[in-house]
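In the two complexes that follow, chain A is the common piece, with chain B as its partner first and chain C second.
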Partner chain A sequence: MSKHDHAPALEYTRREAITKVATTSVAAGAAIGLGVWLTGRKAVGETELETIRDHRVQLPSGATQMVIARGPDATQNTRKAIEALGGMGVFVKRGERVLIKPNVGWNRLPNQAANSNPDVVAEVIRHVKAAGAVTVWVTDVSVNKAERCFARSGIGDAVRNAGAELVLPTDSRFRTVGVGGQLLRVAEVLWPFVEADKIINIPIVKQHGLSGATMAMKNWYGVVGGHRARMHQDIHRSIFELTTMMKPTLTIMDATRVLMANGPSGGSLDDVKAFNTIAAGIDEVALDAFGCSFLGLSASDLGYLTLGERAGLGTTNYRSLKLEEVSS
Partner chain B sequence: MKNALFALLVAIPTALITWIVARGAYERPLGECQAAAKTTNVAPTNEVTAKAEPEVESDPDERLSDFVEKPLEGFTITDEVVLYGRSGLFEYINGGAPLYIDRNFRKLVAAEMKSNGGGDLTCDIYDMRTPSDAKSIFDAENSTNVTTANFGDAARTGSLSLVFRKGQYYVKLTAYDTKAEATLPNLARVLLTRME
Partner chain C sequence: MFIWLRRVYQTVFFLLFLYLVIVTTAALIGGHPIDWFLGFDPLVAVSTALSAHTISSSLTWAIPLIVLTLVFGRFFCGWICPMGAMHHVLGWLGRRRRVRARMESNAPRGVYRFKYYLLIALLLAALFGSNQVGLLDPIAFTWRAFATVLVPAVDNISLGLYQGERHFHSNTLITALFVTALSLNMVISRLFCRLLCPLGALLGFLAKFSLFRLQKSPDVCKDCNVCGADCQGAADPQGTLRVSECMLCLNCQEGCQRGGIHYKFLPSPELTTDRLDLTRRHTITAVAAGLMAVPLLRTSDGVDPRPHPHRIRPPGSVPEHDFLERCVKCGACMKACPTGGLQPAWNEAGLEGLWTPILVPRIGYCEHDCTLCTQVCPTDAIMPLTDTEKVGQPPDKEPVRLGTAFFNRGRCLPWAMDTPCIVCEEVCPTSPKAIYYKLETVTARNGEERTLKRPFVDPDQCVGCGTCEKHCPVFDEAAVRVSSVGETRDIRNRIMLKGGRV
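Coming up: the complex of A and B.
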């Protein structure tokens, strides 16, 4: 059997072979270049990614870093906490646009303790306005119908009576923001979070069926629109990644009434316990670590606190901060 | 000519493959997020839920909706009655959803009502597929200081709250004032009659 019996011979001259290899290389190179160029092009209607700025302020040297205020009146506790931190003027300057973010996720009454206390929200608004803010927005991307949540929680009235502007989440009010996390690369964020000069977080402490607890860091779920189910697939990482995106000016944590079970929505007053406490500061990890004590948890029980501390977002050892405890 | 044809045959698939690979690696997360955002920020409705989860069984859904959509003596529906499926449940109870989904949850019908004597309340009826799954979620959501009550297969009452299970259904009634709280047993009785 000759060697020509099975296949036709590939008979190229040296010149043809060189031409063929060169042509193929140029074509492949051009094609890869074209592919990369096509990838880099923006699709029609695709929006630019925005960023959320760093809203933190430098505290004066030797200033109190965290305050725990206890007493029967939530308004007084809030006032004492702000004063102990040096007053709202440390955080808000004249002419700034300030966003206040309470937890208003649920169609629940204040005493059902699923939403932040309206008296706390109102007192913070008053201090922000007194500090000279030109605009004060209050918003949350509620889980239940937003109008109903703001009405039932008493926060809608508190906002109006204290002279702030309520921003309800609607479809057209979201911006695409880069998160840069492993799980969340981008997020649809309600516009005031992008526009504000300063952001004040007002979470409530409560038990949460999936994450263990919802406090300061978890409150950033209420920044984001879109399908939250995806974020719940790895809740600790998504809480951590949202916290890295949000760098609030101040956090005032409401533990006036704490939902001890069946969170995050609760409903029965039997699940609520009064602690009459407000904690405030600039370290969300520290505040959450303190908040664990109301729920019989330790900081190590919450994966997102471990992630946050490891990434340098704060310390779970809140007593290592310059801490002040006041009573009203 | 032959060379040019050969170059085209190499170039077109290579460009296509490069584009698909690169796009898949860098742009898919953005696309997913944008698409998801469009479906979420709208108050959920039956229509939206139905689009997200095509229905195979229509009768169980009708039965579930009928519990609250048929006129209830002494109560008025004050907002749209909403039927939530497994993924939609996150839009209603957020981080509470996995507790239900892990227990074979099928659908939830949620209704806002006003008792005719005044007072708002929420009625949530979860179809857990089987009585044992309904029992499982009923037991999982136990509270301290509640009182056992005599409704359905098991029930408990607390301040502003009445919770019971009947067969595959787990029912949570939440009042927003004492007037509405006083009417929760009446509503429970009407619903139980419909669940027989």
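Coming up: the complex of A and C.
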């Protein structure tokens, strides 16, 4: 015996039938609408690129444009250099987000002079914080594993102790920006370089195999991730165009210990020479020209300085600037 | 009767499918709509919409099929699907003699819900950027098997009369799976459709909304169950018809001696059911599998950002990330390729890119003025190109590059064996030639002085077509080989700073 023998309510009620037809119609309408909307909706291609803002400040007229500070203590030299430029308040305003870019390229100890001096970095952080910066980021796209570079260089500890924020270069943190150069068009840069209101460069002076020397301008290599080794194919123009893209606020160059040979990674203390000098200013071409003197080079030896000077980025004749030399 | 109409439909659509596969070759392709079957495949459309957030204009044809299924049920499986037609015939060949045995064989089974779980997992993986429906979608599955196994097999035994002899990298697994899917009919007819087919599952889901359904007449039914003996979908027409399983093959109508089964508008709610009976536990498992699949797959090496050097994509391919969102591994491009160089990938694109197209220049190079593969892609994983766009007009308009050629000087005759050769330079199709030579005078082992033409590649001219690799007389492993670096579609996959991308 079938359960349907008695033919119970086998038909839909009018209400059920209308609901059923309506549901199907809505589903069909949604399918058509979605389908038409999705057809050819998204093209494949590059979206418009963000760019890096101009971080420079105008110095008051008559102000010191470049300082050379000499003395046995790197912290003191840094302080004196900043003070000679009129104090950090000239460069950093209250509430700004500031990025500090030391050279932390290598898994080396401070005395091996492959990375910027941690005492200098700590002192700059303190001044930036005292000037009222709301956030201070410190970062670099290291060549060796970044965690180890920041640990062994002492810069990781310096950043933590001085109360700044360390940004490590992990893959997901790069942004694609337009460089706007003749050679370089698109680069992957770490996000704080896009976000920061002000950028302070803390390079170290080192010999560099390919480009001759790593100082202020060459330090911008460490902004870029991606396939940056390609820049070796035209290193001088690449360095020049990266500097043009960055437009930094202030540069504090560390020549406390200088790596004279086997750079930029070094390793042997025999290659390190103490000069106990800090130079600071807003003209990276001038600072690099000064830095050449530690390495026995002249500004004309470095293609990127020639390109920079020709483009009006600065002057290799740093003595033509309003220069102050202090010692402690 | 209607059952004969269904057979006519199945035959016509199967032959049409076969015809479109066969004409997918340079000499016959004409203006044929090669992407037609995959174009109206709702599973490909839904999956691509989820992964790429867009569908190609070919896939717009899936919309009418979705709407028709919402109204009329899962007729596609019983009337149109070319793989379904093959299953149908094989199921008939393998059917049991006794009606009672067939009733048992074609009864509903709980395990048939598996296809819905599979569908859930595949669509979630698609949502996370990996379009894997092509592995089991019957149209893509059949296309792939016909393009890389069945048609080449027939062609090869007929001395390559049709397309020339064809050999496909990694097609053993394609053959094995296709043969297995069809052989399952010897166990239970349409087992693939009932148990695995993700397209069937999607259509089954849509059929829940159907307004027209088969329904038995309770006043004439004596519950003999003969109607269920040949039910293709194991849909239980004698009990409560399972609408999501019913393929509308009409075997039940034919089987009923009392004429007690009718296709009706809004049939009795008690005699049909649109329940899928998925369990919560299994659904959660399927969701978890789909969510985890993509991150797990992408832990492997040889995928972005460090791709396998031999992952050389066809011209016009979108960047790899978008490519994996779109390609359904149907093999239409491989079928169209006049040199047979487009091949189903094995490990070159990661497990995720299994059977996606790559160029293997040693098998066949990319013909300079040919864009056939770009015309047949149903999902725009390969975007349409014109010959002019592909060749470019250097230096004003860049050509489309697939990669770059490199010499292995340890195998190259003029470099390693002081022997003249320079076939690569001769066959290089770009103008000026990407392969050029320098004259060098060397002293051979026997003291004889020889002046040799030693080849070099100019990366500004090389388009990575692989013509040099194909023709290199170093017979087994060519002395000049193409790798993907320099491909147009990925601005990161570059050697040269020229172009300004770091």
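In the analysis below, the second predicted complex is superposed on the first by the 280 of 328 C-alpha atoms of A that agree within 3 Å, B and C clash if a C-alpha of one lies under 4 Å from a C-alpha of the other, contacts with A are read in each partner's own complex, and residues count from 1 in each chain.
Quick note on the criterion: a residue touches a chain if its C-beta (ideal position, glycine included) is under 8 Å from a C-beta of that chain, and two chains touch if they have at least 3 such contacts.
Not measured: the values here are computed from a predicted model.
Student: Counting only touches as set out at the top, which of chain B and chain C does A:134 meet: first, second, both, neither?
Tutor: In the superposition, A:134 contacts neither chain B nor chain C.
Student: Quick one: classify A:20 as touching chain B (first), chain C (second), both or neither.
Tutor: both
Student: More residues of chain A are touched by which partner: chain B or chain C?
Tutor: When the residues of chain A touched by each partner are counted, B comes out ahead.
Student: Under the stated touch criterion, which partner chain does A:238 make contact with: chain B (first), chain C (second), both, or neither?
Tutor: second
Student: Given the touch rule stated above, what does A:185 touch, chain B (first), chain C (second), both, or neither?
Tutor: both
Student: Look at A:311 in the shared chain and tell me whether it touches chain B only, chain C only, both, or neither; answer first, second, both or neither.
Tutor: Neither chain B nor chain C is touched by A:311.
Student: Could you tell me if A:274 is touching chain B, chain C, both of them or neither one (first, second, both, neither)?
Tutor: neither
Student: Per the contact definition in the header, classify A:228: touching chain B only (first), chain C only (second), both, or neither.
Tutor: In the superposition, A:228 touches chain B and chain C alike.
Student: Using the superposition on chain A as set up above, list the residues of chain A that contact both chain B and chain C.
Tutor: Touching chain B in the first complex and chain C in the second, residues 20, 23-24, 27-28, 31-32, 34-36, 38-39, 46, 171, 185-188, 226-228, 230 of chain A appear in both lists.
Student: Under the touch definition given earlier, write down the residues of chain A that touch chain C in their complex.
Tutor: Chain A residues touching chain C: 2, 4-5, 7-12, 16-17, 20-21, 23-24, 27-28, 31-32, 34-36, 38-42, 44, 46, 171, 179, 181, 183-188, 224, 226-228, 230-231, 233-234, 238.
Student: List the residues on chain C that touch chain A in their complex, please.
Tutor: On the chain C side, the touching residues are 45, 49, 52-57, 59-60, 62-63, 66-67, 70-71, 206, 209-211, 218-219, 221, 223, 266, 268-271, 305, 318-319, 322, 383, 491-492, 494-502.
Student: Can you list the chain A residues touching chain B in their complex?
Tutor: 19-20, 23-24, 26-28, 30-32, 34-36, 38-39, 46, 105, 107, 109, 112, 141, 143-145, 148, 152, 169-171, 174, 176, 185-188, 208-211, 214, 221, 225-230, 232, 235, 261-265, 267-271
Student: Please give the residue numbers of chain B that touch chain A in the complex, ascending.
Tutor: For this pair, the touching residues of chain B are 3-4, 6-8, 10-12, 14-19, 21-23, 26-27, 29-30, 32-34, 36-43, 79, 87, 90-99, 112, 122, 141, 143-146, 158-161, 163, 172, 174, 176.
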